[in-house]
Structures are given as structure tokens and as C-alpha cells.
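In the two complexes that follow, chain A is the common piece, with chain B as its partner first and chain C second.
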Partner chain A sequence: MRRVKLAEDHINAKLDITSEVCPITFVKTKLKLEQLKTGEILEVILNDGEPIQNMPRSVKGEGHKIVLVEQLGDKYRLLIEKGE
Partner chain B sequence: MTVDYNELKKGGFLKQKQKDTFIVRFRSIAGNLTSEQLRKLAELADEYGRGYVHVTTRQGAEIPWVNIKDYNNMKKDIQDFGLTTGTCGPRIRTVVACPGSEVCHYGLMNSKESAIELDKVFFGRSVPMKTKIGVSGCPNSCAKPQENDIGFVGAIEPILDGEKCIACGLCEKVCPNKAISLAESKPVLDKSRCLLEGNCISSCPVDAWQEKRRGYLLYAGGKIGRKPRLGAVIGELIPEDGVTDAVEKVLQVFERLSQQGERIADTISRVGTETFKEEMNLVQFENNIVTAEAVRQSEAG
Partner chain C sequence: MNFTESQILRYSRHIIIPEVGGEGQQKICAGKVLIIGTGGLGSPVAFYLAAAGVGKLGIIDDDVVDLSNLQRQILHSTNDVGRPKVESASEKLTALNPDIDVVTYHERLTSKNIMDIIQDYDVVVDATDNFSTRFVTNDACVIAGKPFFHGGVLRFAGQALTVIPGQGPCFRCIFHEPPPQGSVPSCSQAGVLGVLAGTIGLIQATEVLKYFLDKGELLVGRLLTYDALDMKFREVAVKKNPACPVCGDNPTITELVDYELPACAF
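Up next is the complex of A and B:
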């Protein structure tokens, strides 16, 4: 929980991909993460369905870490910690 | 010249509607042809066909518009080029497969290697009716194994390491079939809803969801044609080295139960999936392949 609180307090970048579809959702997230340094936090707002099902595994596959997943109505909010 | 059409069909030469004209089918495994094979196919299409290759729905290549008078020359060229023709009629057909775990990030099993193995053992074998085999590396089923007489679907069974779990709830959200729910602050898996695709494992940020077992789900009884039917699961989490035995069992049961003109789908529709499964359990392999009938007799005696 401390880790979540810490991430919430230190969001370095924000991204809303609710108007995008696969694969642009992941491309935009990837590009945004590339601009960050290891350990920095990216907030991503994404849709229910395919985006929330696919984004976590793709992000993990690239070596990053999901710190928080939060449901906001029919959308989701992810906090991603950039990996090595 | 007299033409034995059945012999030609067996060797991948299919009669076209035009007189003395044939389509030549080539064998491909798991939908892969090397660049060298493709160059040779192009040469053959220029030399004997009309300069094009038809890509079949089963990942094969066919050269149409071959005249029967060129049969011997073309056959020799095919051999010299190291290509193999396909097959047709009541035989085991080309094994289709998705790219699988070798290159696909959804892949759970190496469908390409399994297809190569299955092709090696079964391609061209005579069976009561045409029998098609398809292999997919994961439940996304891109190679449509459920449309095949015999199909394999790569699958993974998850298990939770409760010590590692931080109850973040991500698995509940990413599960495509809502098989996981967060109860009493830990995720609980409803196995009856689990699709065995492993998204919980691939998504879990702390690796609390782990692999318990992986293997292929075995499907049988799929077909398209005029009366399409999807295959049903008749075997669970078969390891990579078990795929040929699984097919052998299905074929033995099919050969024993099939009636004139039936494909596996028809036989299963008639006898029922459960009966077909029970018959498969009776097939045993020892040093020699023992038929289900022999097992039954030895049990009765």
C-alpha cells in the first residue's frame, strides 16, 4: 500500500488512450514509457474490454510493473512503474 | 494415355474441370515454406502452370493449369527440386498450425514443432475418410483447430501463490472470462469458467499467479463442409511428446467405430462424445499398438 501511495504522489506522466484501439493503445503507452526514466510512474486511462485485458501483459512483457489498477465506471486507471 | 485418377489424387494431382488439366497440390507443414521452396514453386508455376500459385485455406500451395502431358516431366522436376506434393482423398492431410510459442507472445505451446512431428508420423496415412489435423499454440485458436477432425489447443492451468499475492485485483480485471473474483482480499479461481489462456499469469505484477500445468487440449469431430460442426474437447493438457499417441488413439477408435462415408465428426455425432472418449481410454499402447477391441476382449476373458 505504501508503494501505491508513493506512486500516486509521484506521477510523472499521464496518458488517456480511451479514444484509441489496438494496437495504437499499446504503441502510445510504449512511446510514453520510453520518455520516462526507470522507476518513474505513468498513469494510463483505458477502456474496459480488450484494452484492460491486453495492456497489463504487454506492459509486463516489456519489463515494467503495474502498481495500481482502479476501475472508474466503464474505464480503468493504471499506474505503471517504468522498468529497467 | 490411361489415367488412374485415384493414384493421381493420392499424389496431389487433382483433376480440374477442364479436360486433361490438373491442379498440383504441394505439401507444406504448419504453413511454412522456405524462400528456396517458394522460388522453386514459382519456377514450376511458370513452366507448367499459368504463372501463379493458389494459396489454399489449409496453408498449402497449389499450381493450377497443369496439362497431363507434362505429368512425368513435372513430377521429375518436383523431385529434383526437393519439393513434395500434397495429398487428397481418404488420407491424413497437411497439418495446419499457427506460429505458436516460438514467435507469438500469446503462444503457450510450440504448435509449429508439434505440427512437424504430427506430419512426420501421420501425413498421407490411409484412413476411412479424409482426416484433417490442426494445431494452435493457445486458446485464441488462430489455426482454427476446432474446425479440424482432430485439433490441438495449447493451454495453461494457473495456480495462486497466496504468499506473493498483494490482492491488487488486476487478475480479476484481465481475465477474459471473469473466472477470477476477489473474495476475502484474495483472488479465487472458478475453474469451470477458466479458459486456460494464462492472462492472469502473464499480467500478474508480482508473479503470484503461476503455471501449474501446461499442454494441449485435444479436440475431435470438427469439420466444415455442407454440415459444419465444431470439435469437442476429448483430452486435457496433453504434453508435447504426447500428441502423436493422442492422434493414434483417435484414429484407432475412428477406424473401429466409423461407418461407410463417415468423417470423425459424423462418427462422434452418432455415438456421442462421451462414448468416443471412453473408447479412447480403452486404447492402450505397449510395445505393440494394442487395439481397443483387444483390450476389451482381454478384460472380458
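Up next is the complex of A and C:
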């Protein structure tokens, strides 16, 4: 919980990919993460369905951490901590 | 580099790859490649490097499209017969990827013009059909310190080698000097299965992309040979020759020379 609070207070960048389809959802998230330093936090808003099913796994596969997954109606909010 | 929406979509299948990402795609987009020849090998090399988003492609060829080319020179079409190859090529490449810059040289590459031309590029691809140009290209690239990607095809055989001046052998370390006149046939004399040009050209293009990405192992000091009939690849380990006249310890070739040879391929 403390880690989540820490992340919430230090969001470095935000991305809304609710108008994208896979795999552009992941591509844009990846491009945004490339601009951050290790440990920085990216907030991503994405749709239910394919995006939320695929994104966390793809992001973790690249060495980043999913700090929070929060449902907001028919959308989801992720907080991602950039890995190495 | 900030990608446009259309570039993000265009290069998405590259960006997803862990070893590429946006950073790798930026390196490819910043790349400048000179392709010597827009024929059998040049066609797939140019096509795929354009697709990949290589920012600047120089294409040099003094030839015009002939019907006999179309069995393998896939950059050109039947309507292009009689047109300069570089014009026909440029059209197809920019249609595939309007983002890139295609520079055409409708002339023969010789010892007189090569040093000026190659200086605008990061690397050079040998997509030629004759030994004279191959040796001049090798020598110029070694002297100028430009990486050079060799390929050659004939009948059912092909080969590829990557030369990074200062590392591994150059083309001359292995092949010493052009073969005697008449000893090695050209594609027009011996023939070539069209697809061979695709296979080897794409290996060359792959090496170019890996060079820009700085990923994987290049064919430096590794002569890759291909036998399409057996469907086998073999690798021959080749070393830098300390007595090589152009890249050795005491170079004797410090000026470029055009060899008087009929057009002949590997």
C-alpha cells in the first residue's frame, strides 16, 4: 500500500490510450516508458477487453513493474514503474 | 526523435521487439545507406531497408531495365523496361515509404567518383554484378573506414560477408584480386535462380539493420555460403590478412584503380 501511495504522489507522465487498439496500446506505452528514467512512474488509462488483458503482461515482460491496476467504469488505470 | 502517429503505426512491429524499441527504430531512421546496384541484389536490399525506415538510401546504377532482369529484379516492373533502373527503383521505394529520402545516381561507380559519393553515407552495400566494382568498393570502404556488406549469387549458390574496417578481414584479405578474364561467368552466361538474389540480398539487409541496432553477431570474419539445392548454409571462418595490400600492416594500395574486366559476377 505504501508503494502505491508513493507512486500516486510521484506520477512522472500520463498516457491515455483509450482510443487505440492493440498492439498500438503497448507500442505507445513502451515509447512513453523509454522517455522515463528507471523508477519513474507512468499512469496509463486504457480500455477493458484486449488492452487490459494484454498490456500488464507485455509491460512486465519488458522488465517494468505494475504498481497499481484500478478499474474506473469501463476503463482501467495502471501505474507502471519503469524498470532497468 | 518524436514519431508521428503514422510512423508509430508503420514501425509498430519493429518497436514491439525488445531489441529494437523506439530507440532502435530511431537509429534505423537516422541511418544512411549507399546501395551499389539496383538489380538482383539491390532490389530486395533497397525494398526492405526502405520498409524498415532507413532514413536515407543512395542508389547507384548506370543501367536501364531489361526484360531479362524481371525474373529477379523485383524493384522494377514490365512497364519500366527501357527506363533507368535508379528512376524506376526510386519510384517504388518512395511509394512503399514516403518518409525516407532516396538519392539516385544514374552513373557507373568508379574509382573516380566513389570516394565523393560514399562520404555522405554511413555504410555501403555491395549489390553489384562485377568484380571490378566489388574490389574498388572494398578498397574505398577500407580507406574511408565505412562498413561494407558484400553479397554475391550465381546459379544456385550465394555468399555474404560483412566488412567492418579495423575489425575482421576485408574482401581482399580473402579474394586477393579480381579473377583472370573469362574465368568466372556472369549471371547472363551461367544463369541464376532468381530467388537466390532475394535470399542473399535479405541477408545483407539484415546485417545492415543489425549494424544500426548494434545487436546480434555480424558476419565479420564469417563468410556465409549458401547452397539452395541442398538448402544448406555453411560458414567459413576467415581472418584478416596482415599482408593484405589494402587493410594489412603495410598497405600498398593507397589509391583506387578500375580493373578492365568484362561484366562478371561472383
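Structural remarks
The definition used in the following text is that the second predicted complex is superposed on the first by the 84 of 84 C-alpha atoms of A that agree within 3 Å, B and C clash if a C-alpha of one lies under 4 Å from a C-alpha of the other, contacts with A are read in each partner's own complex, and residues count from 1 in each chain.
Quick note on the criterion: a contact is a pair of C-beta atoms (placed from the backbone, for glycine too) under 8 Å apart; a residue touches a chain by one contact, two chains touch by 3 or more.
These numbers were taken from a predicted model, which means no experiment stands behind them.
Of the two partner chains placed by the overlay, only chain C lies in contact with A:K28; chain B stays clear of it. Contacts of A:I52 after superposition: chain B is touched, whereas chain C is not reached. Contacts of A:A13 after superposition: neither chain B nor chain C is touched.
Of the two partner chains placed around the shared chain by superposition, chain C is the only one that A:E62 touches, whereas chain B remains out of contact. In the superposed three-chain model, the partner touching more residues of chain A is B, compared with the other of chain B and chain C. When the two complexes are overlaid on their common chain A, residue A:L36 makes contact with neither chain B nor chain C.
Of all residues in chain A, only 23-24, 26-28, 30-31, 34, 62 touch chain C in the complex they form. Residue ranges of chain A in contact with chain B, taken from their complex: 52-53, 56-57, 60-61, 65-69, 71, 76. Here chain B touches chain A in the complex through residues 105, 168-170, 173-176, 199, 202-205, going by the rule given at the top.
Across the complex, chain A is touched by residues 3, 8-9, 12, 15-16, 18, 21-23 of chain C.
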